[in-house]
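The same chain A turns up in both complexes below, where it pairs with chain B and then with chain C.
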Partner chain A sequence: MSANRWLATGNYFTTYKEEQRIFLTHTDRLIFSFFLVCVFVWPLVFETNNKSMLVVDNILIAMIAVLGLNLVTGFAGLISIGHAAFVGVGAYTVASVSRVMGDDYILLTHAWPAMILASGLVGAVFGAMVGLPAFRLKHLYLAIATLSFQMIFQWTINFMEFFNQGQTIFVGRIFWLNGEVGRNEHYIFWYYVILIILVLLGFMVRNLLRTRFGRCLIAVRDNDRAADAMGMHPGLTKVYAFGLAGFFAGIAGALHAYLYRGVGIESFTLHESITYLAMAIVGGLGTLNGSFWGPAAIKMLELQVEKIAEHAGDMMPASMNLATALRPLTFGLVIVLFLMFEPRGIANWWRIIRSYFKLWPFRY
Partner chain B sequence: MRNHKMMFVPILMSFIAVLFFAANLQAGEVYKLALSLAITGPTSDAGNPYAKGVEDYFRFVNDTKMLGDDRIECTIRDDQYKTDVTKRNFEDFLDQGIVLYLNYSTGSTMGLKRDFEEEKIAVIPASFHAGNLVDSNYIFLPIASYSEQTIGLAEYVANNHKGDKPKVALFVHPSAFGRGPVEDVEKAAKAGLNIEVVEVVEHGQDLDNTAMLKRLKSKGVQYVISQTVQSPVATMLKDAARLGYTAKTFGEAGKITFMGAHYTGGNDLIALAGAAAENFFWTTSYKLTSEKSAGADAQLALAARYGRDEKAANSHNYTNGIMVAQVATEVIKRVKKQGLKVNRKTLYDELNQMNGAKAFQPDTTVGPVTYSKTDHAGVDTLQLYRVDGGVFRSVGTPFLCEYIKKI
Partner chain C sequence: MTYFFQLVLSGVVVGSIYALSALGFVLIYKSSRVLNIAHGQLIATGAFIAYALTVWVGIPIYLSFFISMVLTFFLTMSVERIFLRRLIGEPIISVIMVTIGLMSILDGLIYLTPFGSENFSFPRFLPKEPISMAGVSISWTQLVGVIITFAMIGAFSWFFKKSTVGISMRAVSDDQLASMSIGISVPRVFGLAWATAGLSAAAAGGIIGNITGLNFDTLHAFGITVFPVVILGGLDSILGAVVAGIIMGLIQQFASGYLDGNWGLNGTGTVLPYIILLIILLFKPHGLFGIHEIERV
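Up next, the complex of A and B:
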């Protein structure tokens, strides 16, 4: 390890513990702390409106979901095409309580942190269950198993009266220390809640990757037979990867339910699953910060494409419906371009930028 | 000389200021409205002409100074038929200070119901789902609900069928939009409506309905009432025509008569099904351009004025959009006339008084628009149409659904 804890131009570690530090230098820690302060303070400094806060909250929720997806697909190498269904499990856990006990039941409105945690746990259980075929299946076959879960989930919600046949199930307004969280402060309140949860989960993943459980995931992804020979249990590792992904997804689903104050099936369809996968790919599979870059990039792209499609819809003849095709086309194109030219995702750009500053003033 | 120059500057400034304020006074009020709908994505074939109808009518209101110097500014935004996006749009519209909101889909109208209540803002959606009105005070349906339309068709069957109790199948969209009226039709049958509901078919994305039609035929089904969108109906009609099942006249023995509610019909259905659409019975509360009327003429003139193509000009969804804009304009006009400030509350109150002598009769509908505290379905009257020679023609006179009051 470099003697200077503020500026380390190379990777010099003398102990294994040193390499496992969350922040390699004090500068890293300082920059991260400054960034955290910024994200917590900016809504208090700048004027915000409900629409922009809703967009930001949505991005943060997607980050939580993609953190989970990155664990199972990026770190453990198991393709999951049903991630939106796991998010849906979390959301419908909240919705089920609302359906049975009423949307203003105290458990929903006052004990909402417990509900969010419970949704995560239910998501974990479903995740682990769907991961069970991982004992026998690999690669595309396992991906199809997750796809079938997505289909079963959609069918169940769409046809069961209990789930209002996919139509919105309302969730009441929650209470905080100073009473009911009203309409005016709703989005800003959830911004802080989601942000805190995201930071906690982010650190959780960072820590997980420093433990043997985290290293197991990567070992199984790289070569499960070798991992087996080293004494790991590839099957159980895969199941627990799915369980973890389900937990993150469940938390994201519950937050979605509370943010929108209702749950409807259209937020958890196969299309959403593909979108989560696109976020993970674009952000950078198998990287922690890729889970943050991907959702932000895709959601912002979505907003821009929306605007373009709207203008295109005005200008092009309705019968051609080209504007409708613009969105899937753009997504497809972005994913293909990233896979072709930057398979390591935006996270790699971040790595290059960091390396530049780390090595500066040297070029190598 | 210097003094004169110094005097000139303040005089000029004062003159400019007076002009500025005078111009502002003359500019009148701007009433902000908004519409979020599917211009792209699912159902955009209906959303597109609908948006044009709303846009054109408000342009017409402003261009012809229907509200004097006051103007209506209606922001129209695409939501791709997604409730999440509709919610985002709605929040944006609220930030802009809208006084009335026009929504579109059933899902988003149901999903945002709580927001409408909290914001106390009157909403006129393009969805006619009866469920929109449950636990809601601020949603106003433009015309009779899907339930009323479907039961109305069932009543027509019961009243005009010759022979034993007619056997009916319901062909519905697999969503709340499609399922909504099923329970109500069954309730009407239990309440004494002389029909037997043999089967309820929730269609998928089938490209062939042969098996379904053969099954219905084997069960003795004589009438199929559809509550969905045009394309699945077109597929069914084409298969029925190929199998030789389509009735040439209403209730033809041994054949099936096909019928449908508002979103199943229109010119798009004829374009999709071609000759197989012949003798399809359809109900809506709108007047059509295929039949001569003052409303149809005004609609075509409006479309021509703003350069719309023939397809949009003749679309019943274009009519639908115009009618909603007409209601919005009328209610603003009435509030203004009373000397009240146009805001959410006064518009809501005025909409609730749109009944009796104050009922509104737009030229685009077959009956008056009536709202009250207890009735938020606009035009209660329905007109039956039938495809005859490639166009929809009226069958009889406008009618009211009777059994809706009994269930």
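Up next, the complex of A and C:
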């Protein structure tokens, strides 16, 4: 094996520890740091406006949520049709503080990092509770359990006076070191907050997959009986996976609440759950970078669909809302087509392209 | 007391429709182990086809009811052929996700039609006055609906128990390899299971449409309430689907009859089935009549 990893033509591992490094080569590390710098610097270099920043922020929040969904659906192999409800749990944690204490209570405006963490923990508790049937049952039943959680969540929000019956609950402007974050800095400020959280959580997932628990997840997905025989506890692993997914979703929800400065039920319906699932599938189930490709691709698609609907809507009778029809239609098609023709998602294209350049000029 | 009996009666009416909706779901699960998440959309499709044929084309309602069943039969058969046939042998999780995608596609297609946003109701073809007996009343539509429902359930049970196709379906659900070796075409049985499920979904849709009016949200909600019903009854038991359907209908009616309006509760009928579902999953996951050989961790 070559001692100089800069010049190595392939990955030659001699220990397990080497294989499990976060970055396999120095080049990977270099490219990643360069990418990270680019991501942090571009809003300062280019002219941004609030509208495009909102889109970017949305994509990043969806990435956080899909990181969680990918843990439970991709790595643990359990379908979750209620992920939007878990996101909603996080958002409504923030909203209920605002409801009880008023929307400019100090906890909301000054201690917002603690609020975000707390929402994540509440989400984790709910996730673990819904995952409890996993102690006895397999994926099929869990899909139904998460679906019923989605329905219970929607009912709770829609019928309870405390949650304003699904109408928007406002959340006040937050404060940073130099005073209140105003209207103009709002989206750029949250871009950085969300980005930092996303990077942290991304590393967390990457690290998680290197640990005993991460290997447990994959073992349980591939064959739970074998995993049981190897001394793992499949039920507990699945419940943990649900709890973690709930944690990620809760954080995404809290960020959503702060970004929009309000919480309403329409962002956490069954359709949104299916959208999250579409993101995970399109990105590539069971891959880490799939959690980043998927939301970006789906949100871009959504923008295009809205544009088309707008154009076509001019020619159509006004009574018809084309956007509400085209959104589920395209997402459904995307889910079905990806599952049929590219079940490994965009992450697989990425892998193919990478290996092409890595091996160039040889074909394999 | 009259109130109680009225609730029991309407519970049985609603419950028998649940039973019919759940029947199609159970058919698919029994033969191919696939959870069809898109069942509510199939119910809605059947109802809308029946309405379109009756009102826009002008075919008599009995006939259009029948034609919508046939059309949905072929629709679901082609859905199986196009989307699910090539996924045979793939992990069951991706097949279930394909049905989630189908649900979304059908949602979109329905939103493209006027049915997605507006409410319609079938033209009245039965006497308007409800039948009253000792203070308890049932409308003609409901009565006819229940009778058709039970007739259909009877026909399906007969089909499953006695006919050659039904027996081959049961054989496939029992052991795919063994049934292949005695000459049953497993893909064909899957297609038939989907087709019959579509047929029963269309029948359920037509009946619901007549009783509650055509509203996509209501029909969709019916489709999702099928889950608590089949879990309570046991995922692969037709008898279970019928019994659990009626139990669920009674629970819903009692909940909305006695709980709503008290203690600030509202709309409990829609949420109680799901709470029960979660409890059943925790304590008795094979349901009332399901086989105990359940996929355990």
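One rule holds for everything that comes next: the second predicted complex is superposed on the first by the 350 of 364 C-alpha atoms of A that agree within 3 Å, B and C clash if a C-alpha of one lies under 4 Å from a C-alpha of the other, contacts with A are read in each partner's own complex, and residues count from 1 in each chain.
Definition applied: a residue touches a chain if its C-beta (ideal position, glycine included) is under 8 Å from a C-beta of that chain, and two chains touch if they have at least 3 such contacts.
None of these values were measured; they are calculated from a predicted model.
Engineer: Output check: A:T168 vs chain B and chain C. Expected answer is one of first, second, both, neither. What do you get?
Structural biologist: The answer is first: A:T168 touches chain B but not chain C.
Engineer: Is A:L147 touching anything from chain B or chain C once the two structures are fitted on A? First, second, both or neither.
Structural biologist: Touch partner of A:L147: chain C, not chain B.
Engineer: After lining up the shared chain so the two structures overlap, which partner does A:L339 touch, if you call chain B first and chain C second: first, second, both or neither?
Structural biologist: The second partner, chain C, only.
Engineer: Which chain makes contact with more of the residues of chain A, chain B or else chain C?
Structural biologist: C
Engineer: Should A:E306 be classified as contacting the first partner (chain B), the second (chain C), both, or neither?
Structural biologist: So A:E306 only meets chain B here.
Engineer: According to the stated criteria, A:P113 is in contact with first (chain B), second (chain C), both, or neither; which is it?
Structural biologist: Neither partner.
Engineer: When the two structures are overlaid on chain A, which partner does A:R327 contact: first (chain B), second (chain C), both, or neither?
Structural biologist: both
Engineer: I'd like to know which partner A:P133 touches here: chain B for first, chain C for second, both or neither.
Structural biologist: The answer is second: A:P133 touches chain C but not chain B.
Engineer: Residues on chain A in contact with chain B in one complex and with chain C in the other?
Structural biologist: Shared contact residues on chain A: 158, 319, 321, 324, 326-327.
Engineer: Which part of chain B faces chain A closely enough to touch in the complex?
Structural biologist: The touching residues are 39-41, 44-45, 48-49, 77-78, 80, 82-85, 87-88, 91-92, 94-95, 107, 110-111, 113-115, 118-119, 174-176, 179, 309, 311-312.
Engineer: Which of the residues in chain A come into contact with chain C in the complex?
Structural biologist: For this pair, the touching residues of chain A are 77, 79, 81, 130, 132-141, 143-145, 147-149, 151-152, 155-156, 158-159, 161, 224, 228, 234-235, 238, 271, 274, 277-278, 281, 319-322, 324-336, 339-340, 343.
Engineer: Going by the contact rule set out above, which residues of chain C touch chain A in the complex?
Structural biologist: Chain C reaches chain A through residues 33, 35, 37, 83, 86-87, 90-94, 96-98, 100-109, 111-112, 114, 116-117, 224, 227-228, 231, 264-267, 270-271, 274-275, 277-278, 281-282, 285, 294-297.
Engineer: With touch defined as at the start, can you tell me which chain A residues reach chain B in the complex?
Structural biologist: Going through chain A, the ones touching chain B are 49-51, 54-55, 58, 158, 165-168, 170, 183, 187, 260-262, 264, 266-267, 306, 309-310, 313-314, 317-319, 321, 323-324, 326-327.
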